[in-house]
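We call the chains A, B, C and D, going by the order they appear; numbering starts again at 1 in every chain.
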Amino acid sequence: MDKYFKGISKINYEGEQSNNVFSFKYYDAEREIAGKKMKDHLRFAMSYWHTLCGEGTDPFGNATMQRPWNGLEGLERSRAKVEAGFEFMSKLGIEYFCFHDLDIAPEGNSLSEKLNNLDIIAEEIEKQMKETGIKCLWGTTNAFSNPRFMHGASTSPNADVFAFAAAQVKKALDLTLRFGGENYVFWGGREGYETLLNTNTSLELDNFARFLKMAKDYANKIGFTGQFLIEPKPKEPTKHQYDFDVMTVLGFLRKYDIDFVKLNIEANHATLAGHTFQHELNMARINGVLGSIDANQGDMLLGWDTDQFPTNVYDATMCMYEVLKQGGIAPGGLNFDSKVRRGSFQTDDLFIAYIEGMDTFAKGLIVAERLFSDKALESFVEKRYESYLSGIGQLIINGNVDFDALSAYAVEKGNATVSSGRQEMLEGIVNRYIYNSK
Amino acid sequence: MDKYFKGISKINYEGEQSNNVFSFKYYDAEREIAGKKMKDHLRFAMSYWHTLCGEGTDPFGNATMQRPWNGLEGLERSRAKVEAGFEFMSKLGIEYFCFHDLDIAPEGNSLSEKLNNLDIIAEEIEKQMKETGIKCLWGTTNAFSNPRFMHGASTSPNADVFAFAAAQVKKALDLTLRFGGENYVFWGGREGYETLLNTNTSLELDNFARFLKMAKDYANKIGFTGQFLIEPKPKEPTKHQYDFDVMTVLGFLRKYDIDFVKLNIEANHATLAGHTFQHELNMARINGVLGSIDANQGDMLLGWDTDQFPTNVYDATMCMYEVLKQGGIAPGGLNFDSKVRRGSFQTDDLFIAYIEGMDTFAKGLIVAERLFSDKALESFVEKRYESYLSGIGQLIINGNVDFDALSAYAVEKGNATVSSGRQEMLEGIVNRYIYNSK
Amino acid sequence: MDKYFKGISKINYEGEQSNNVFSFKYYDAEREIAGKKMKDHLRFAMSYWHTLCGEGTDPFGNATMQRPWNGLEGLERSRAKVEAGFEFMSKLGIEYFCFHDLDIAPEGNSLSEKLNNLDIIAEEIEKQMKETGIKCLWGTTNAFSNPRFMHGASTSPNADVFAFAAAQVKKALDLTLRFGGENYVFWGGREGYETLLNTNTSLELDNFARFLKMAKDYANKIGFTGQFLIEPKPKEPTKHQYDFDVMTVLGFLRKYDIDFVKLNIEANHATLAGHTFQHELNMARINGVLGSIDANQGDMLLGWDTDQFPTNVYDATMCMYEVLKQGGIAPGGLNFDSKVRRGSFQTDDLFIAYIEGMDTFAKGLIVAERLFSDKALESFVEKRYESYLSGIGQLIINGNVDFDALSAYAVEKGNATVSSGRQEMLEGIVNRYIYNSK
Amino acid sequence: MDKYFKGISKINYEGEQSNNVFSFKYYDAEREIAGKKMKDHLRFAMSYWHTLCGEGTDPFGNATMQRPWNGLEGLERSRAKVEAGFEFMSKLGIEYFCFHDLDIAPEGNSLSEKLNNLDIIAEEIEKQMKETGIKCLWGTTNAFSNPRFMHGASTSPNADVFAFAAAQVKKALDLTLRFGGENYVFWGGREGYETLLNTNTSLELDNFARFLKMAKDYANKIGFTGQFLIEPKPKEPTKHQYDFDVMTVLGFLRKYDIDFVKLNIEANHATLAGHTFQHELNMARINGVLGSIDANQGDMLLGWDTDQFPTNVYDATMCMYEVLKQGGIAPGGLNFDSKVRRGSFQTDDLFIAYIEGMDTFAKGLIVAERLFSDKALESFVEKRYESYLSGIGQLIINGNVDFDALSAYAVEKGNATVSSGRQEMLEGIVNRYIYNSK
């Protein structure tokens, strides 16, 4: 289809020497890396909201985005976006999309009208999915924009709001099932508090857990077998969000014995929580809950979610390194929860931004795979911890010593020798792999 | 005793109109508040390290502090500090102290010399405790200053270092038991990582859990029945510390089924993690792990642990509010993990700083108790959540509805009514309680 | 007039023991303090934008605010807001307002329609001003919301945009003159850059200076004699704004020899720049450019402009302390550039928030005046610097020594004695003045 | 000389395919780039303090560094460091060093002893300079570590301290002149305040200006013609430092008509002030005061000066881009104000860290030069601003229009067309230049 983005043809891989802005220099979908196609490592997804619904507003400014559907309204606008979105993904060779209920259809004047609108548009999406072969990575609901969610959705002080949230998630699960979505994501932008002066955190967290369990029950009932994911974020729009970061979510899930939820890690949410992107990926991985990834980047000097297209190759490399260590991200994927800058308002900027983002992650994958297969970092790490493989270290690991024995050992030993952590050398190695990996 | 701080007599309560710098204006130890003496609500403790060992150095500057023991060295210096410390507490009416092993005795040239030094000084401390009636709130070990801990203690890549950490904690537990300490604290300043490029986080966290369990076994063996506490801190001195904040620690403890540890919350560590002091107290309280408190304050515009004496009455009020909601902080207490500013280098500044800190918390207690007993905030909160006491809310709480029923309810209902969160009004109420509570 | 806020009557001073939410507990407009009425110290102003145009949206949420004019559109809505705004100010006893062009009238479909709309509404405002006696503290233009300003206004890469900005400021100056406004403010939300990769900062700053000089020329031409003010802000909405903070603006103004501009200091902008509110006020004051104040407060743990109503008495006190040291803020004033929380969406929350803000600053004034007249801080400061009043200090001040002489003096002297900075003691003094000043 | 670092020979350029840790992969000193040798673009300097005096302490930990001079004391230790330092620079091919007075000689027990020690060691340094051909890039004084400077040096409340600071700077200027230093740097780590409650900022800033003028007079007197530099830093160790950032310093210098001072920009100080490194370089460049550079990097998630060796190629590239736009950094240079991580304590880590830092900047230079000579960014920028070269834009630049004319123009024009800022595309271009430039 060539209807909405007429000037732009299919984006092809042309290699790193190409000067064609509308080509991939690193992303070569079918290229095999470590026994798998590049596209199957990366499992790129389009974020419906930023890509098709983002208008370029900010708290101080009006819409700027030039979009082919700008003149349309209501369901007609929604239909146009379905077509445009699938054209967009087809031209970029993106095989997945992610969506909120509100992204795809107008909210209408009532909950029932909204539900009805969703069904109408869902049919269009199914049609496009069939035609293009594009799949649904995950669905979710927007339970934060409507004023009724101002104080939270499942953690609202008002029980009716809990019911509305339930109604929305029910429908979003129905839609995700209908689209064959492989995951379902919870992002709790209003699940948290603005001030402790008016908040019963204990009740709110209990309700949050109740809500998740009801969602699981409903999924079982309708036969949705996709993976549930929570997306941590610390403090925007709500001052304190209960899903602050990976470890906070794990602390919560373990309290309520919830074992059916993994995590969707977003780069910019990691940094807003005071962590690196890799930290959050690592914490999720070693706890067995790295489910999917929202790829973007924040501005480290700005205190809000800038959701920039990822162009920092360091972050992309270490992200893909964690993915490779886990053996892959499926059934999750790499969703571009990124928006073009407000000043990049032309339609072709959307393509450029995706191309740069995809190329950055393709390059990151190439570099990470070389680091990984060469054991360029890992061999150092293994040696660093080798004292736990024998002697006193092995006794510690096996639980065969106590404080008395360890103390006697230490007194006898007199001192402990440690080795350099070699941070500078390791950073230099990463640089050389970035410059030299092809 | 009047030997080290000769110019300064016992600090008495003189009331808020007093102009005597060396008097309490709010802290009236024996005053009854809500059925308990002020001192038993607050359970103030002196931090041995900052108070007796702080020298006023910073990364760019040398020692500034004028202290009566400045000319002394080695054990003689340690003995002088014991005497001076108990004189200091006696004059201020502080009934508890907290200590690291390294605070009280010189490290010596070997582990065995260190252990010996500790025994020598412990005897002096016991003597002073008996004479003054002052008690030990908690003990801990310093497993972060010695170079061998540069990469961690129980999470070191080197098994020998794990053994040294064990030897130290063993001894610190012995000492805490000997002093009748009511708690034992772990602060893991090097338990974390500097860069993921050289770190096996999974093994390190497993070892951290192993260490805690060994500590508990040892406590059982020697008959130490005090409360174990972990003190969360996010990122100083180590870039990422495993005990980032309350929820991170809970995520960790629950993973390893560790149920014998509560938390020691520090104000400045809370803010470095991106939280308010009250947030951390609240999260600990509602999870049943609010064990003890390190009272200080950070500078919200500086990115490191400034450990200032607490003079912000808002924070002190909301801290004591959480303590009152929990029904008290015992067997924990309120330890001043605070240091006089580098430029407040005179000996009398130490007294002044403690007086201001104690008065701030005394005022905070007075205000919090009035807020609490008047239900000035709570009556608003109760009303705010009342929808969960009946109707659909009650069904949610009791687990008697599912998504189908909630969705049908929401569709039928058409809309949900929410009420104002009244943040501005509630902040105004707190202000008036601060101005008016006596 | 009692048309838009029918349930709420004139807000009166009832004193600190009052439990009436809709009364002042500290703000007693006519009370004399240090020879001037409270209202003339404070010169409170209503911000037209947040108060009458704020809808409670945020980047993740829709409008929440319940307002009497919610059903109206276009000029009718603008007219209603004029009436409502003057009713609001009258009921609160606020004697000034501040406005942007866009606040008062609809933008229309063209610049000429916009200019025409402004004239229509200006007439209404003049009528209300005459009836109520309420005055205009300052006017400004909104040259940041319209998409044409996405890359800046006077610093746009596009010369036509510069012309549009000029047209708007011209009109805003006309209106401010017409309303008898005492100041004119520039806030350059888009005057800055998003990325240096596409920016010629040198040309942009030159143009910014050109623009200010043209504005002054125009003011002279039309006879506007009010004070020009720049309002510093560091990084929102634009990544780097040229008016980062007080000293940055002074560096700029002095480069271009612009001497007709003072500063409008906003609390939340100060903190976003890494400074305290008092710091910015102090830097402006000692450089002779403290012109006016935007009173609000940010959340120190959030990285964006939360513009909360000021309820922190420490900040209000130190703000009024700087104002008193300057001998007053006129012809500037204290504008509440504050918005009710998104969850404080009821109409009465607007009144409550203003009452709390006004009371906080009234209390701050009372405390600051006592500190000031008692010389509670100043006597310490004077003593601290007294070495510059005689001896070597006097020689330094008078320029009568050089490095040779100073070096000889130091070598001879051998050491320099310094005194404690007494930060803890001084913070305690401020606390007691807050608790005890009536 | 091969005495202190026996295992390590001269570090040679071996190219990017080399696996030898102790070789340069990008820094090829004699390679010509844009008509100048690489080494003359970069003008690398060793920081005496971190490199030879850094011990690996931090606020929570003792010294860790293994250094050949660890057993020595006093002047003997200082002498060893002189030899070792010149051996170190020779082996790395570094042609400049930077120093504080305190770095090179022991402080002694009095000012006169200190001055004497300096002379003794200066002779050694001169000898080594002559032998090796290594030069002095800049000198400075440490007027922040000694307790007497706790409240500031030239901005101390105590006039005697001002005299001591003068004595030190006098001597440091003498030494810098003696070494043929090309610049003299002021870093005012204590020139600022901890709390406004005890500070007279106005007097302090006046004194700071007086001090600078006296320094200039003294330089003139002794015939020192090097460039004076101020090094901005925002808030460590002092809460607020008067030299916050470039624009703050310019605001200050312009107030006091000081035109003989340029700036020494440090990467980590830029980020602590909320700016990118490039921002500070750019602001200095366009204001004609970019004098020299302290190359390091901070950790964007930590709030203090981590002074890491620079390994981020993005920052190095944009730094060298600004240097190329200025036509070079001489008589300044690129000083590694960087310290090895505390855990990189082995002697060879020092070499590795310098190699990685030098390689990163060499690579940055290569990339920047290609960007610059291809006009890869600049051609976009020029086009972006072309509207100021003719028509209304030209009239604006030439001062030939006023607000009336601009307003008439805008009304007539009806709208202004702006173009995309293309941030994503430009970031992608930088990436490709990094990957592809050799």
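Simple rule for what comes next: a contact is a pair of C-beta atoms (placed from the backbone, for glycine too) under 8 Å apart; a residue touches a chain by one contact, two chains touch by 3 or more.
Owing to the predicted nature of the structure, the values given are computational and were not obtained by experimental measurement.
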item	value
Reaching chain C from chain B through chains that touch each other, fewest steps	1
Residue-number overlap at the chain A/chain B interface, same or different (half cut)	same
Chain A and chain C: spacing of chain centres that average the CA atoms, whole Å	40
Euclidean distance of C-alpha centroids - chain C vs chain D, Å	36
Set of chain B residues in contact with two or more other chains	147, 150-151, 194, 235, 274-276, 301, 341, 343, 345, 419, 421-423, 427
Touching residues (chain side chain A, partner chain C) in the complex	56-64, 144-147, 149-151, 189-190, 194, 235-237, 239, 272, 299, 301-305, 341-343, 345
Residues of chain D that touch chain A when the two form their complex	16-17, 21, 25, 271, 274-276, 300-301, 309, 311-314, 340-341, 343-346, 349, 352-353, 355-357, 359-360, 363, 419-425, 427-428, 431-432, 434-436
Chain B residues within the chain A interface of the complex	110-112, 115, 147-148, 150-151, 156-164, 166-167, 169-171, 194-203, 205-207, 210, 214-215, 217-218, 221, 234-235, 240, 244-245, 247-252, 254-255, 273-276, 278-279, 282-283, 286-287, 318, 377, 380-381, 384-385, 387-388, 391-393, 396-397, 399, 401-404, 406-407, 409-411, 413-419, 421-423, 426-427, 430
